[in-house]
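Accompanying notes for the structure given below.
Labels for the chains are A, B, C, D, E and F, by order of writing; each one numbers its residues from 1.
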């Protein structure tokens, strides 16, 4: 299986909280990972992003898709 | 600063590839991290997600928002 | 009305399940449809996507926007 | 493989248009499909969505994730 | 036309910058608007969001869908 | 703090409606604001977007990220 997405991270389920329609699941990610972001070139220029910069990567939980064998 | 998102991950810029409108930036994430996913309860049931399960977390790069001090 | 999105699919409501804040609605899509994906060129290369390839298209339900006359 | 997403549609690549950072890929979907949307209950009420209603489903191409074996 | 989305904002095109695959369009929004966010209840609690709080609303440009008559 | 997103809008919380997993928060946005959209160049051409055009900007509430000091 090959996925058309830059971020593919191995995790282990830590908790499952079920709601009426939506549920919240948390995962432990053990290994160091590489992550990728696509943003406008305007934003890259405004943030002056360059190699070595420390950043915080924010991802709404709704955008994380779990896949299980 | 407090962010209304479950995933807040520290990273360091590894590469920046600028395009005409969009750019692709890669980050190194060192520490063990916790990640969260919100999905339908139907999907949780279908995947039978339970504590300890190994999963792959897929995130399109477009959904990763870098923040820099 | 013209929409700034590549995917515009006709459907018919099959079920509505209401929750406290979010609801899950299902639709029947009858006709053959065309769908489009935007992904990184890196992902296209990694998947070696070419005409005729069979793929599975995954879309989180949260990204589907219904419009009604 | 089980995916934590409600929409899993079989398609066949029709065209690939590569750009510097992002690419646009189009697919043919032959079979009738079921699609699902998650939206606020407020929106469901405002649209008065009920079984049998005809709607248009709008999805930005960026939210479509292709997977290939 | 009724849209299954909480945010429906009137704007006027200020600039269009076309790229190979993606384009960046900017809009002027004149009137005061109401905006809505859906986030996890956990995040609401962590931010201690209450009436009157001043916040910044961050939206990646990729999530803004223009519609034109 | 610099955010890798084109839309950064000041708002004030008007209402908070908490659900089991997800919550819906509404904001008042006072000042005139600029907004940006990234869409395919194909969509820009189809909509014939040009300076001065009046449009409606649709954003699902799930894509709005509140940040609080």
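Everything below uses one rule, namely that a residue touches a chain if its C-beta (ideal position, glycine included) is under 8 Å from a C-beta of that chain, and two chains touch if they have at least 3 such contacts.
Treat the numbers as computed from the prediction; the structure is a model and nothing was measured.
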Worksheet item: What chains do subunit C and subunit E have as common neighbours?
Response: A, B, D, F
Worksheet item: Both subunit D and subunit F are touched by which chains?
Response: A, B, C, E
Fill in: Contact-richer chain pair [B-C vs A-F]
A-F
Worksheet item: Where the centres are mean C-alpha positions, what is the separation of subunit C from subunit F, in Å?
Response: 21
Item to complete: Mind checking the centre-to-centre distance between subunit C and subunit D? Centres are C-alpha means, answer in whole Å.
Response: 1
Worksheet, complete the sentence: Among all residues of subunit C, those touching at least two other chains are 2-6, 18-24, 36-40, 42-44, 47, 49, 58, 60-63, 65-69
Worksheet item: Taking touching chains as linked, do they make an open path (line), a single closed cycle (ring), a hub with spokes (star), an all-linked set (complete), or other?
Response: complete
Worksheet item: Where on subunit A does subunit D make contact in their complex?
Response: 1-5, 21-22, 38, 65-69
Discussion item. If we count contacts the way the header does, which residues on subunit A are in touch with subunit F in the complex?
Written reply: 17-24, 37, 39-40, 42-44, 46-47, 49, 58, 60, 62
Practice prompt. In the complex, go through subunit B and note every residue touching subunit A.
Written response: 3, 5-16, 18-41, 43-44, 47-69
Worksheet entry | Residues of subunit F touching subunit D in the complex | 24, 39-40, 42, 60-61
